[in-house]
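Each of the next two complexes has subunit A plus one more chain, namely subunit B in the first and subunit C in the second.
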Partner chain A sequence: MNGSAPLVRLQQVCKRYGDQVALVDVDLDIFNGEFVTILGPSGCGKTTLLRLVAGFEPVSSGRIQLNGRDVAGLPPEKREVNTVFQSYALFPHMTVFDNVAFGLRMRGQAPEEIQRRVGDALSLVQLTGFEARRPHQLSGGQQQRVAVARAIVNRPLVLLLDEPLSALDYRLRKQMQLDLKHLQRRLGITFILVTHDQEEAFSMSDRVVVLNAGRIEQAGPPNEVYEQPRNLYVARFVGEINLLDGLVDRVEGERVVLRIDHLNVRVKSNRTFAPSDRVHVLLRPEDLRVETLKDLADNPALKNSFADGGYFLGTVQETIYKGATYDVAVLLDNGRPIMATEFFNAEDATVYFRPGDRVAVSWIEGWEVLLPHEG
Partner chain B sequence: MSRSLKIAYATLVYLFLYLPLVVMVVYSFNASRFSMQWKGFTLHWYDTLIHDASLIQAALHSLAIAAVSATVACFIGTVTALAIHRWRFVGRKVIHAVLFVMMMSPDIVIGISLLVLFMTLSLPLGFWTLLMAHVTLCVPFVAITVHGRLQGFDPHVVEAARDLGAGEYEVWRHIVLPMTMPAVLAGWFMSFTLSLDDVIIAFFTTGPTFEVLPLRIYSMVRLGLKPEINALCAAMILITAVAVVTTQGLLKERK
Partner chain C sequence: MKDSRFFRRVVVTAILAWMVLFAFGPNLLVLLASFGHSRGAAFVEPGLSLHNYLRLLEPAYGRILLSSLWLAGGVTIICLVCGYPFAAILARTRPPWRNWLLLLVVIPFWTNSLVRTYAMIAILNANGIANRLLLAAGLIQAPLPMMYSDGAVLVGLIYALLPFMVLPLYAALERLDQRFVEAARDLGATPVKTFVRIIVPLTMPGIVSGCMLVFLPALGMFYVTDVLGGAKGMLLGNFIRDQFLTSRDWPFGSAASVAMTVVMGFMLLLYWKSNTRLSRREWT
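Now for the complex of A and B:
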């Protein structure tokens, strides 16, 4: 896939509204058939990015290429790109059929062709039989599907989706995430989706682009973004994170020996560090291991398997029940709060820890991420 | 208890508003020529009415002026609304504010100022001056009604149409115009009623060559109340009521 030319290429794209900067030096290549998600908080410029590609607004500087062609000055109606709007933007005075047929009619397709393709598109989104309805007679989920059908019926090179699921309730959103993903696989159309929901981004896309304040922080496959965040911002945005501060003691090949409080910890990192660099150690709650001091004392085998590199001591503050898992909030003796996720035991479905328990905290070696200290 | 109080209150309000009209309509069927006494039911006054050539002439003038001025005002008002909605140009806010000022201005001020203008331009008072006056009266109502509807639209609808391949013309033709049409028609009926009911502006801006119904009624009343006038007013109420109901229906549709 990476050998071919990109379908969408953004080079040094900037967008300013007066003094306000929406996008800064965005470079991004999107390849044919990819499902790319632009992930970021509201106001980070992700919708602006879509609007630039769709042609609703001009870039302030930089270039956008579609299928190898520079699209500067090309109005939206001349771009082989279609958009699914957050508000759906269905035409209220037209039936479902006319809504979906609009793009084909604008391109002067023959009536039989329109009939056939609208029928196909509606059956793809499971709305066969709804042709004569008006948008206001449909539920939110159905309106959303009409919006998708209206866009894909034109067989665009790229489909742009601007937070298309944000107005739906949780269950429907989950279902539509799957449906959209299957639709994309089936049609082979390149999708660029914008969302602020990291779960949505991870579950649907081939590649996630994390945007912050108009800049791309990281772009890569979901697991890479989650497991190897490039900086603290990305790490925090894509999930819960625990932070420990350390100092590089010495470097032993691929391994780095850190000094964190009283402990010497040996960790792996693909970054290069020099002795006495300050670092952050990032740990996901599910990577942490927590045992009570009492259990460790009672069970030497457990203690041996627990952590040979040592552990931190702390006190359980509270436990938060999550259904399949529960979170344990621990205040370490060094004053740092830590959140660990625990699974229920097969034989014991009760929350094991109690507030006030003295515990030892360690982690599964090799699952930590090391980042240079950020001011 | 409180329910019957509410009903009583509502009844009083409606009586206050509509009793005079009801009395007038009832007396339009009264067989008595001079007194206010009930002398039996008759359609005689309606009969005299339709055989009074000069009165019919005035009524036709009124309807013509109302229809033409409503149509012209609709055109100007709709274009104005579309312009202030679609484009951000210098003076846009001023136009928007001026529309409200014009809507709120007392009729007598509009009437006299137009009279001064027409006299300065030495235009003979008649059909054309009255038409211009009524168009001026109606444009703000149309513009504000249509603008209100445009404001209610999802702004992305136009973008969606562009995105699907519609050029500027197709967007107007297939999206903006059909979506604003109910408001435009409502504006037309509103204008029609305004023009039909206007006495004050017409008083200043039309001449003896072109007499309209409200002015005619006004001069008739100066010579005393006649049952024909009751009948005439009853007929006008009917036309107005139809126009108002139609306007409401159009504005409510597809909200």
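Now for the complex of A and C:
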């Protein structure tokens, strides 16, 4: 295989069920050794995408290539991909050993080879000694690890994981996210993971593909998707956002002067806008700065740290304790609700803001994202 | 509260009394009779001997037992082979069509099976439907003698018992999680290997209960042999009936009946074992 050719290539892939459309014109290249996550809400077509690659269902149109070969018409057993199913689908009538050995036996490996490789796979997922157990005698986390071992023991080109952690509780899920990521690094196998959990997607993958209603909205490294969402849908799906509507007043090089309510705000954007374009200004809660008017009056230096063009006035509605941080819900005087995330001071672990506080809200210039107005 | 408990007690007592009177009691009488002797006017003379059971092992009777088991076994296997694909198709069909197919399976139950067995004559006769079709198709020159043969009994039993195979198989296949099949294919199993290694073991409770529901009646449906096989074919059921009604040897008939119950019990045990082994499965 030459270095730059994608391992999995989807070209114009469409999938329809009757008159229901599951995937539309999906183009996606996945390279060897990548950890790619398909992220989207339920019903967006992400599991369908995985099933098409695995070969459980045929594409309606378009092409899927695996290692440079068109896989149209190739049944699942002939594709060098393995799947970790959402419900694990461990064979209930077989022991852990027989489950993991199943793929090797189907490929006619020698018994000693099977013994060795099953042992290796089980030790990789820390389940040595569980060979004789049956699936129902294992905990959810252990079943999940058997499912992973059963797939990787075959050394597939690509491992497909269909929401593999969704049935586990929060702590175990965190642990398994790390374990899976380490496993992927160690084995060098290409992983394609499907999830609806953006945190999971960001913490595990090299690249995130955001899918919505059968279309790819954006594909890129996690930080890019988070910091430079291509549209409102992506921005909303990959975390909390605050939205301000503005009108382009004038363009000064790579800076844009916006009119938002009574304010003229200077912002940066790598998109091109023309005067009088309507725009959305996207702000993550953690990018917002909130200061009480009292502090602002006491300390004029604070004001200079705000984005050029001033700030919005508002009233604190409530504060929501989150452990390491807290959220401040502010109702701006223009009637728009805003959510800002604040960190506790090192010396003072009490919530600084009180409901009813008059505050100024702004952000650090350059941290905002500008999108053309949608609708 | 008190009323409902009283009501429940009455119902349970009534059912229990019914069972004791009409199921447990007669069976106990049969068991006792099987150890007795047959003497003239008294149908059964109480005793405690095993000679009726030993007589069952005599070659003449043993042959009936063996041929009956052989025939029932054949019926069961043919029903299984025909019923499995049908049940599989049934389980895969989408609901509106599936209900119609299920109805087709159940419709024969609406007619008494004795009547249906007589209807088989119209098909298997020398100038019956089967022969006329074969003649019309030019496959045979003269009508085949189908009636009054072991073949006719076989066909009659299969016809009567096939639904009892299809329904439990359908229930098992319908319950089978399709993801196990996909997982097997994903791991490199061909459709045939998937069937042998995954589908058959996971639907084993259905297979065993279907086989039981076919095998046991196939030993005893004496009227099928009477109607379609003349007097030649002898099922265990014919034999037992003849002991009671013709030979008037009640103890001997009872012994044969008990032997059949033991076979049944043994198969129930097998079924229970295969069921508990699989029902312990638990997946989330």
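One rule holds in what follows: the second predicted complex is superposed on the first by the 366 of 375 C-alpha atoms of A that agree within 3 Å, B and C clash if a C-alpha of one lies under 4 Å from a C-alpha of the other, contacts with A are read in each partner's own complex, and residues count from 1 in each chain.
In this text, a residue touches a chain if its C-beta (ideal position, glycine included) is under 8 Å from a C-beta of that chain, and two chains touch if they have at least 3 such contacts.
Since the model is a prediction, treat every value here as computed from it, not as a measurement.
Applying the stated clash criterion after superposition on subunit A shows that subunit B and subunit C collide.
By the touch criterion defined above, A:T341 reaches neither subunit B nor subunit C. Number of subunit A residues touched is higher for C, counting subunit B against subunit C. Contacts of A:F102 after superposition: both subunit B and subunit C are touched. Looking at the shared chain after the overlay, A:F56 reaches both subunit B and subunit C. With both structures placed on the common chain, the touch criterion links A:P135 to subunit C but leaves subunit B unconnected. Shared-chain residue A:A167: touches subunit C; no touch with subunit B.
Look at A:N212: by the touch rule set out above, it reaches neither subunit B nor subunit C. When the two structures are aligned on the shared chain, A:Q184 is found in touch with neither subunit B nor subunit C. Using the contact criterion defined above for the overlaid structures, shared-chain residue A:E77 touches subunit B and also reaches subunit C.
When the two complexes are overlaid on their common chain A, residue A:Q143 makes contact with subunit C while staying clear of subunit B. The interface of subunit A with subunit B overlaps its interface with subunit C at residues 54, 56, 75-77, 81-83, 85, 87, 89-93, 102-103, 106-107, 136, 150-151, 154. Contact residues on subunit C toward subunit A in their complex (touch as defined above): 177, 179-180, 182-190, 193, 197-198, 201-202, 277-278, 280-284. Subunit A meets subunit B in the complex at residues 54, 56, 75-77, 81-83, 85-87, 89-93, 102-103, 106-107, 136, 150-151, 154. Residue ranges of subunit B in contact with subunit A, taken from their complex: 154, 156-157, 159-167, 170, 174-175, 178-179, 254. The residues of subunit A lying in touch with subunit C in their complex are 54-56, 75-77, 81-83, 85, 87-93, 102-103, 106-107, 134-136, 140, 143, 150-151, 154, 167.
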